[in-house]
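Two complexes follow with chain A in common, the first pairing it with chain B and the second with chain C.
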Partner chain A sequence: MAIRVFEGAAEKPDVQVEVGMVGNYQKIEFSGQLIYGQTEKAKQIILDNIREAKGYFFDVRNLSSIDSTGLGMLVTIARRLKNTDSRIAVIVEEGMMKEIFTMAKFHLIFSMVSSEAEGVRLFEGGSRPNLTLDEY
Partner chain B sequence: MRLLLVDESWIKLRSLETMLRKAGYHDLLFAQNPSSVCELLKLDEQAQVAARIDLIILDYTLPHMNGIEMCRRIRSHACYREIPIIMMTGMRDESVLQEAFEAGVTDFVRKPVRKVEFLARVRAALRLQENINKHYKAREKLEKMVSEHEYQLALAKKVQMSVLNEPIEQEQIAIQARYVPSEHLSGDMYCWYEIGNGCYGIMLIDVVGHGVSASLVSMSVRALLRGLITRVTDPVHVMQELNRHMLHIFKDNDISIYFTALYVVIDVQARKIEYVNAGHPPGIVRGSKGEMRYLSTGCLPIGLLPDIQVEKEVFSYEGETLIAMFSDGLANGNTVLAPDRIASFMIQRSKAGQSLDCWLNEIMQTHATEEAKDDICLIGIHLR
Partner chain C sequence: MKQTGIEITITCPTDLPAVHFVDMISRQILHYMNHQRKQEISFALHEVLINAYEAVRGEYGEEGVFAPLTVTLCIEEEEITVFVADRAQGIGSSVIMDVQSKSFEDVVWEERSRGLLFIDHLVDEWGSSKDDKGAHVFMFKVRGR
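Right, the complex of A and B next:
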């Protein structure tokens, strides 16, 4: 599957991953390119830093591109978390990145929110994501 | 280790020989003049065959040419560009030393020769030669492996290309494809079959990743498609079956192995199209009146989750209708923009009566770059 590079976007050669907390929830923030050849590095950083939390955010707002390997990695991480009874939401803004998630139909497995605040409201409001982690 | 000693003095050669034999070096060759060196090293022969020599110890003073000129002569032969050459000289002139190094001398031994220094320099030069030999052997082995790898990949590519379908050219339907792997092997795969009663099933899949691993998955899926498409009519069931297959085969994997797909079933008698899109770039339909439709209804990519919900769309067509199905390597891999670009092309450029062949060639010329980073697959369907 394709390397999806956004036209006009400044490209960064490598993926960067930062892991932090937003209240009771852990946020995994990606920047650069989450593409073939980069995903193993990102996965290892995440697995080394993942902590027990009530929920997890995958923040892809600073990604310049993502491909099928990158999308697959998000599912792999979600599978690793499936026994924690937690939730996952993807923070993504309107635009091409959201269209990629939608075209690949990943909106059917990840809740899509536009900010941390919206994500927290989603988690604390009791509404369920489209699939629970046990279903991954 | 074989050493070549070059000195015009027979007495000095004997003296060096004694030192070297005592130190354990017994494989020694001797030359007293440049022509003997040329003969021993086969410097005048056209064939690039090296004499097996590991170290040359050369006196500066030789008949007819000096040691520096001799060194240049040796180095001019491709087989001796790397061999260590130690020069023995009593000269103290720095410019001579510089000239000698520039000519390719590896090291010096000052005359009169002192045993400890001489043997130390011989050992160092031979260690260097040993490392050079190891390097060349490793490079040879690597080149052989690369060559074998290239051969195997080329063979695998032939196998992969051989399973691609021939075009269909019938009164009511024509189908053709273009297929460009980004590497030797592709994760893209397509096929089409006549199901019977004027029905045709057309499948395009795009496996996550590139190259060998993606092609292995695509070929394993390809092996199933004929039976599945010709026996199972409903595209929903085809996709569910493929999903079960993928999860069964790759259930113990630590990584997500999946593919996107677009499966279209066309009934040319009833003029009906049904399809399922599994996370794939939407196919595009251009109707006889120029109306456009995106084929995006469907389900998650195949192989991600068990028991996926699969939705299909069914619609009718009238008159001349064109359908484009493509993987996201098209339009420079810009997944989001590719469908709109292809649709726009179909509106502006598709002329009535234009052959499917020309139409696909034009799309490829306009939207497939030579330096494609991803596999490209494009299927064109012309319904009449």
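Right, the complex of A and C next:
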């Protein structure tokens, strides 16, 4: 039997997801680590709480880390929401997190904004992403 | 023989707590060194580790936890080389060709297929081979201080 020496480690990865409304838009706020081993939990919380809205925000400002599986989960949620023809904006601050989103070309499928207010202005202005799922 | 750098090796079970432990320790080491590319190295290493974990679990199932996973950081003045050795079969040539021919734009609406692309973008050199004990070894190198 393997010795579980790491089970009591001080820094265990965890993700928290808060879902709420900002006017006509639903905001999904992540904090902690959206990484391998945590994405299923996050996805289930979102799917259980998602409501029909004019648009959605993925707020990742309080995430300390994300990996390829976390990014993939955001795409999975976006594919589900695509059926409602709603717009999605990612709220992200400058830094490594934004670099990762940009490297992954997420600006082609999501609007990238730095605040809710900027996102609302963008939605109200009718902005659309460059590459929709239908065009992909 | 001259020793010019620092070599740190961690050998652990191939399970998720150990993977996260290696993540944390390597982040601490890179932070202590104040390496200018510490975030890229940590991100790339994490992707290599989860690829190794998935590959070992895919081949051995729950028993995979008993397979050793060995991570070595070789820290030199001008570059860091990372080796991750696992007991899976390694990366197929078709996967490597895929990475070389695909871009993030090609997979932008996909749930998977980004891990190796990130590694390819974040590090200066990477490769996959077998060592003399039959372990699959993934190597990547990052230059700079």
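Basically, the second predicted complex is superposed on the first by the 118 of 136 C-alpha atoms of A that agree within 3 Å, B and C clash if a C-alpha of one lies under 4 Å from a C-alpha of the other, contacts with A are read in each partner's own complex, and residues count from 1 in each chain.
Definition applied: a contact is a pair of C-beta atoms (placed from the backbone, for glycine too) under 8 Å apart; a residue touches a chain by one contact, two chains touch by 3 or more.
Keep in mind it's a predicted model, so treat the numbers as computed, not measured.
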item	value
First (chain B), second (chain C), both or neither touched by A:Gly72	both
Chain B versus chain C as contact partner of A:Glu93, first or second or both or neither	neither
Chain B versus chain C as contact partner of A:Glu124, first or second or both or neither	neither
Partner chain in contact with A:Asp14 - chain B first, chain C second, else both or neither	neither
Common ground on chain A, meaning residues reached by chain C in one complex and by chain B in the other	2, 4, 6-7, 36, 68-69, 72-73, 75-76, 79, 96, 100, 103-106, 108-109, 131, 136
Touching residues on chain B, where the partner in the complex is chain A	187, 206-210, 254-258, 260, 278-279, 281-282, 296, 298-301, 304-305, 309, 327-329, 332-337, 373-374
Contact footprint of chain A on chain C as seen in their complex	12-13, 15-21, 24, 39, 43, 46-47, 50, 53, 65-66, 103-105, 108-112, 114-115, 118, 121
Chain A - residues contacting chain C, complex	2, 4, 6-7, 9, 11-13, 35-37, 67-69, 71-73, 75-76, 79, 96, 100, 103-106, 108-109, 131, 133, 136
Complex contact set, residues of chain A against chain B	1-7, 36, 68-69, 72-73, 75-76, 79, 96, 99-100, 103-106, 108-109, 131, 135-136
